[in-house]
Amino acid sequence: MSTFGTLFKVSTFGESHGKGVGCIVDGVPPNMELTEADIQTQLTRRRPGQSVITTERKEFDKVTILSGTEFGKTLGTPICMVVMNEDQRKHDYATTDVCPRPGHAEYTYLQKYGCKASSGGGRSSARETIGRVAAGALAEKYLAQTYGTQIVCWVSSIMDIEIPKDEARALEERCPSREEVDTVGAVIHGEVEKVLMDSNGDWYDLTGKPIAKKAGVEVKGAVLHTRCPHPPTAARMAARIMELRIAEDSTGGIATTVIKTLPAGLGEPVFDKVEAELAKAMMSLPATKGFEIGAGFGCTRMKGSEHNDLFVPAHGAKAGVLDTATNHAGGTLGGITTGKPLVLRVAIKPASSIAQSQQTATYDGKESALEVKGRHDPCVLSRCPPLLEGMAAITILDLVLRQKSRTDAPLHCAQLTGEERELNGRPAKRAKHA
Amino acid sequence: MSTFGTLFKVSTFGESHGKGVGCIVDGVPPNMELTEADIQTQLTRRRPGQSVITTERKEFDKVTILSGTEFGKTLGTPICMVVMNEDQRKHDYATTDVCPRPGHAEYTYLQKYGCKASSGGGRSSARETIGRVAAGALAEKYLAQTYGTQIVCWVSSIMDIEIPKDEARALEERCPSREEVDTVGAVIHGEVEKVLMDSNGDWYDLTGKPIAKKAGVEVKGAVLHTRCPHPPTAARMAARIMELRIAEDSTGGIATTVIKTLPAGLGEPVFDKVEAELAKAMMSLPATKGFEIGAGFGCTRMKGSEHNDLFVPAHGAKAGVLDTATNHAGGTLGGITTGKPLVLRVAIKPASSIAQSQQTATYDGKESALEVKGRHDPCVLSRCPPLLEGMAAITILDLVLRQKSRTDAPLHCAQLTGEERELNGRPAKRAKHA
Amino acid sequence: MSTFGTLFKVSTFGESHGKGVGCIVDGVPPNMELTEADIQTQLTRRRPGQSVITTERKEFDKVTILSGTEFGKTLGTPICMVVMNEDQRKHDYATTDVCPRPGHAEYTYLQKYGCKASSGGGRSSARETIGRVAAGALAEKYLAQTYGTQIVCWVSSIMDIEIPKDEARALEERCPSREEVDTVGAVIHGEVEKVLMDSNGDWYDLTGKPIAKKAGVEVKGAVLHTRCPHPPTAARMAARIMELRIAEDSTGGIATTVIKTLPAGLGEPVFDKVEAELAKAMMSLPATKGFEIGAGFGCTRMKGSEHNDLFVPAHGAKAGVLDTATNHAGGTLGGITTGKPLVLRVAIKPASSIAQSQQTATYDGKESALEVKGRHDPCVLSRCPPLLEGMAAITILDLVLRQKSRTDAPLHCAQLTGEERELNGRPAKRAKHA
Amino acid sequence: MSTFGTLFKVSTFGESHGKGVGCIVDGVPPNMELTEADIQTQLTRRRPGQSVITTERKEFDKVTILSGTEFGKTLGTPICMVVMNEDQRKHDYATTDVCPRPGHAEYTYLQKYGCKASSGGGRSSARETIGRVAAGALAEKYLAQTYGTQIVCWVSSIMDIEIPKDEARALEERCPSREEVDTVGAVIHGEVEKVLMDSNGDWYDLTGKPIAKKAGVEVKGAVLHTRCPHPPTAARMAARIMELRIAEDSTGGIATTVIKTLPAGLGEPVFDKVEAELAKAMMSLPATKGFEIGAGFGCTRMKGSEHNDLFVPAHGAKAGVLDTATNHAGGTLGGITTGKPLVLRVAIKPASSIAQSQQTATYDGKESALEVKGRHDPCVLSRCPPLLEGMAAITILDLVLRQKSRTDAPLHCAQLTGEERELNGRPAKRAKHA
């Protein structure tokens, strides 16, 4: 259904071409400062039309809070947030009335409901995620205020262009800030030209094969957001995306998310393990095809003697709190957070909408071909971080509230660094364990 | 918590060294034939002690149905199934009172609950999965009877030993039977000797490095179950495991699951997408670190024009039912089943219990070393198929019941082959879509 | 929390003096015709300011559907409905910042959340029920269309004025239409005068005690809605309310609800029995203090030999379908509907807001007195029917969807009378169900 | 379904004539002392065969804890408790294969599931409540330990025999102990004789009409448990029951429950109000037909100026905590506990099983008569207190855990009287809470 969470409960609504989209968030901690401005930042980061790399449809996605706050503070009651759709035209996608677009959901919606939204993705559109991003921004604010939790997501690969292994691991360990992801990941269009264009102005793809540059593809001086915080990789990603734009094709990639400075003890055995809840959260986002935590699929090639994270005393922490020398587990043991950062990666499929003509069949069983008109994202990866950060925040806050129900003591973040402690403005305390 | 599912609801209970383990299954379809024999098969497949590859602890895991059936038929009421623990000794793991075992959950249980089971894994032990396997066997029987659904899981890699890519894909397409997985995946011990032993009786690992064979490791004529349905890979897997047994180490691997002949239209947008529910189900199993569906992480390296599954008319099917030429999506679009097989892979971490001495720390913060006594599985992969099959069945049946609530017509399996139709003993019908 | 239901899930939001109120309804059956007009009728019936008996605040409560429909049909996706608040002034109730109003919830909200809405009831205001009424209207439309279900609620007592026992029972048996409730229950103001005023124009209460008539209380020719379908009782109720209005006091009453022509087999043993779900639904409405079904509290004075509803063959029904000679059980046995009408009564407390000065205490523990300004309903009973009808419809539809998940056959309404059959315009044995 | 609760989750299983009955309780607070002895007391109070007033079937109902504890302490993991059925004979009720017993659930189970347990009540039997009583005993222990909460239920009326109004109200205010209910409510058989028998040994009913005393009905010296803590009423109740036993008839009654010394702030607006959750809990018990809280149905006859509980400063309590002069609301405002005692009453229907021959119909639609053999309770009221106390405890603990998730401070019981403080053996303002 359209509701996620047990105590922090997010219900989203809205189709891409209906009147509006949004969410109700229930279980919001009371007495927290909250205005639209707290929400808008992530909605704006999520929004398309930010650069030539992503689609140019204009959406401003201005959020309104309809309930649950008074005088800028939460009441503890449900918060309804709405973003009205500015573009409600229903005719753009009319061909999809006759035959389904490959890779899209109109076929399965028809199988499920016996009907489908006539225009665009309806409920399966990425616009549905606006409600999640709004709810996520709210959750994140609470976690940051209360525990100093930081949640940062970045693009670690696009097609075959990936951050080199060692540097990828180093990034996961130090966890760049969200600002760094946005800034470092922004590639000036000229950088792409340097990669793809030779001195004659002829374009070649990354393998050196000449490509026919279509007019209007590049925009002088434009900023291409990759959200990859590794500059040389970011530039090559931008080039790869430009190639695909020219080829009227698309691709996918991998996004890495780190959640750090979070309480130990989160996750509800046995079915609601922290990694199970995160996997569900991430795999419920459109276009996701894989999820891994810690060493992930890579761990299957390791030996137990390598993979086991050895326990070490945690310097300066109170009795009962241990650290681990490594974090192959990605912050979870037995489905419960250790207090180490949660490190997870999500596979995003190539965008299904491509301008090329594709083979398909009509609903009444005749072969047909389909060209999906309009401007399409060759790669949606750069828009994903607010979605993944949002779902991560929602998931963690729900588990926080569930764990709070179990104890009378405040939850603790076991292994704060000195820097994090200062960030929190309070000592790294922990609950007593007799 | 310990309950999974919305309408088909499975609640498990039990610690590894308590009186017993089991489950309550609620929402069971009434009037279905069911006796302990239907459940026992999968419990027996799950059980350790089946060969020298897995641990030799003896457990018979005999299941008793306490409620919900009469005269061998389900009543529609909750079915409680119990397996009593035969070995309730609590002293084997006493050293874990002082310091946590690396890779195990006693540390996080202590963080979460302020206490932990004193012996073995308690609730985080693999014995907890007995309740799931029992519930899964029940779900599977219903799905097979009603829709002809087949759910088969096999081991596709162990450490670096993996089924070659093309053959792996071919296996996914044809989907071997469970019997084939068990039979073909069973390696006579002599086969391992052929791989690892030279004519002088000296042993070498798979890279040609000599290994010191420990007495008692090999058992003449024993059968080593790998559950890899690709014979040459199975033999090499068995050899790799034998090497690790000798080295007192462990490893992980990847298990592939195929669910075929299932209704189209399953999966509840937006949070309870079929892949989201399956991801949660699988990532809630102990030792799982990654999940992917269809082309999975591999899809991130594809182009949209390659990855999109093109629609084609479904020969012989009724109007409104289409097929796809390929199945890169792994049977789901927009979180709803297409009717094509669901194909998923799960990463299992190296077994945490190894006989080697490992560094750890005492709960009161002193460095320490720990040897976990007893016989340990160097690799748990071969025991996983009943677990994954069980969770898959539970997840799909829950989604089936949820979809049934939406329609007055029986659900249909869109793309039955002639063979499957015979299996079901009825025509491949589908719901009307006006 | 603010969500009700398992498969038909209603989440409400909104404070009385915030921007708006409304709901998300998830699990809506697809392909059903639905426009704002279907919803507005019940919202308008619920609205205050309809007569001098109820408060004169003007609210138009115009509903907008933001999502989940296209071209006037439901898509099966969540339907968000919003009613904007026209009066968002926050100053009317400012004295409640210092001390809580007796009988209101601001004190307990403060205990629970550590804060409270500064104006009026906030979330505990009756405006919250707008979302329920909207969702209920939707549910009701589906039930009426599919099964011919009728849900009618009326006022059976106000303070000591009640429909005589035998006639109350007869009404429950024949179940008046909603139109009858509205029409017959509307008392012309002159009728009240006839009851309370003597030939000299002096007013007396129903016991014959003279009352000081305040100027402006009566409105010549105004219609006083009681929603009591028993004319002599309605007139006396109107008189009693007028007395209380003059006395600046209030009272409560009992509302009776009948749900008829509904499928047998609804209700989920053991915790989600139909009477348990209905009890929760009704007791979740503001101001409700009691619930009973069938003979209710009265059954405790009966003998088993009187109370047991004897089974009789159902003439013309299919084998296996029985009728009962009486319906003391109120349509449920073992928590499952028999197919006979569900008959339930709900006790509503005296309205807490009265114009009289009342004793209270300030939050910091000093004695104080409070006059709650503004016009208040002396009795909210006449506004309750749309609320109770709405909650009944929501509850029953949720149970219908849950039962549908259990069977491949359409649910049936066992015991339609000939009249009901004509009403439904189709044969009795199976609704829709061709 | 068979699961109740959000965080404290109780799932029951078992049919009356299957192998056993019981429950899984999830969300149990860890580190609490718990053994079978803590559970057995209430199970024994619930058990039939305690006196001639109740049925003489022998059931010992010995509970076994299968999981979730170690060394007599809870682990925080699910606790499975089982009571094996000693009498599994299936032939006693064989006539019910042909026609349903009036007032019983076999007819509706058949409508719902298409099948029914062939013997006795199956899942609708009162034996199902064993799991609830066991879970309730556990919940109650936690509440008593943590907050000093007391939950006491007693029988306040049987048929027309009721505690006089004023004394009933006084009892609700002082809340007798459970021991008092059991002791004072136990009527020596001789007392019944004094009421019903004249000096000649002839028996007359309470209205003076002679009754034919059947042999074997009275047992010299036997104790008749009424659980009515008002001696004169208890004696008359016992007499009324004896009359009905002789007449082979049955009756119902009202049970009153008081929950006192509980935290303020419990209850989750808007659907999960404390009275809504309690209503559902109580109405989910077999044979319940009505629920009311505080003044209940009686409040409908009051004026607002009488019914409103006026706030008064709470002497000695902390700032922000108020008391009310009266408790007509029964401890709840806006669905949230005030900290005053919750006072609720539940209507229980006449026992459906009577030895008299009753009219019924066969499932294939022929008229028939049915005599239900065996010994039957003329009135089940005296067995109800452990059921209602159990459901009350389960409901309150679930709401406690939900409220704890909202705050970092321990919950507090606002308004302990001096007497309650002594009872708890600790200071009033904050329970436990060091």
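Going in written order, the chains are labelled A, B, C and D, and every chain counts its residues from 1.
The definition used in the following text is that contacts are C-beta pairs under 8 Å (C-beta built on N, C-alpha and C of every residue); 3 or more make two chains touch, one makes a residue touch a chain.
Note that the coordinates shown come from a computational prediction; the quantities given were computed from them, not determined experimentally.
Q: In terms of touching chains, how many steps apart are chain A and chain C, taking the shortest path?
A: The distance in steps between these two chains is 1.
Q: Please report how far chain A has to rotate so that its Cα atoms sit on those of chain B, a copy of the same sequence, as a value between 0 and 180° in steps of 5.
A: That pair's rotation angle lands at 180 degrees.
Q: Starting from the mean Cα coordinates of chain C and chain D, work out the distance between those two points in Å.
A: Centre separation, chain C to chain D: 29 Å.
Q: Between chain A and chain D, tell me the centre distance in angstrom, where each centre is the average of that chain's C-alpha atoms.
A: Chain A and chain D have C-alpha centres separated by 50 Å.
Q: Could you grab the centroid distance between chain B and chain D? Build each centroid from C-alpha atoms only and quote it in angstrom.
A: Averaging C-alpha atoms per chain gives centres 44 Å apart.
Q: By the touch rule stated above, which residues of chain B touch at least two different other chains?
A: 1-3, 12, 27, 30, 76-77, 112-114, 123, 269, 406-407, 434, in rising order.
Q: Chain adjacency by touch: line, ring, star, complete or other shape?
A: Contact pattern: complete, every chain touching every other.
Q: Per the contact definition, I'd like the list of chain C residues that touch chain A in the complex.
A: 1-3, 9, 11-15, 18-22, 24, 26-27, 30-31, 64-71, 73, 75-80, 82, 90, 112-119, 122-123
Q: Give every residue of chain C touching chain D within the complex, in rising order.
A: 1-4, 12, 99-100, 102-105, 107-114, 121, 123-124, 128, 157-160, 244, 249-254, 264-273, 275-284, 286, 288-297, 299-314, 317, 319-322, 324-325, 329-330, 332-339, 347-354, 356, 358-361, 363-367, 403, 406-407, 414
Q: If you look only at chain B, which of its residues touch chain C in the complex?
A: 6-7, 27, 29-30, 76-77, 269, 401-402, 404-410, 434
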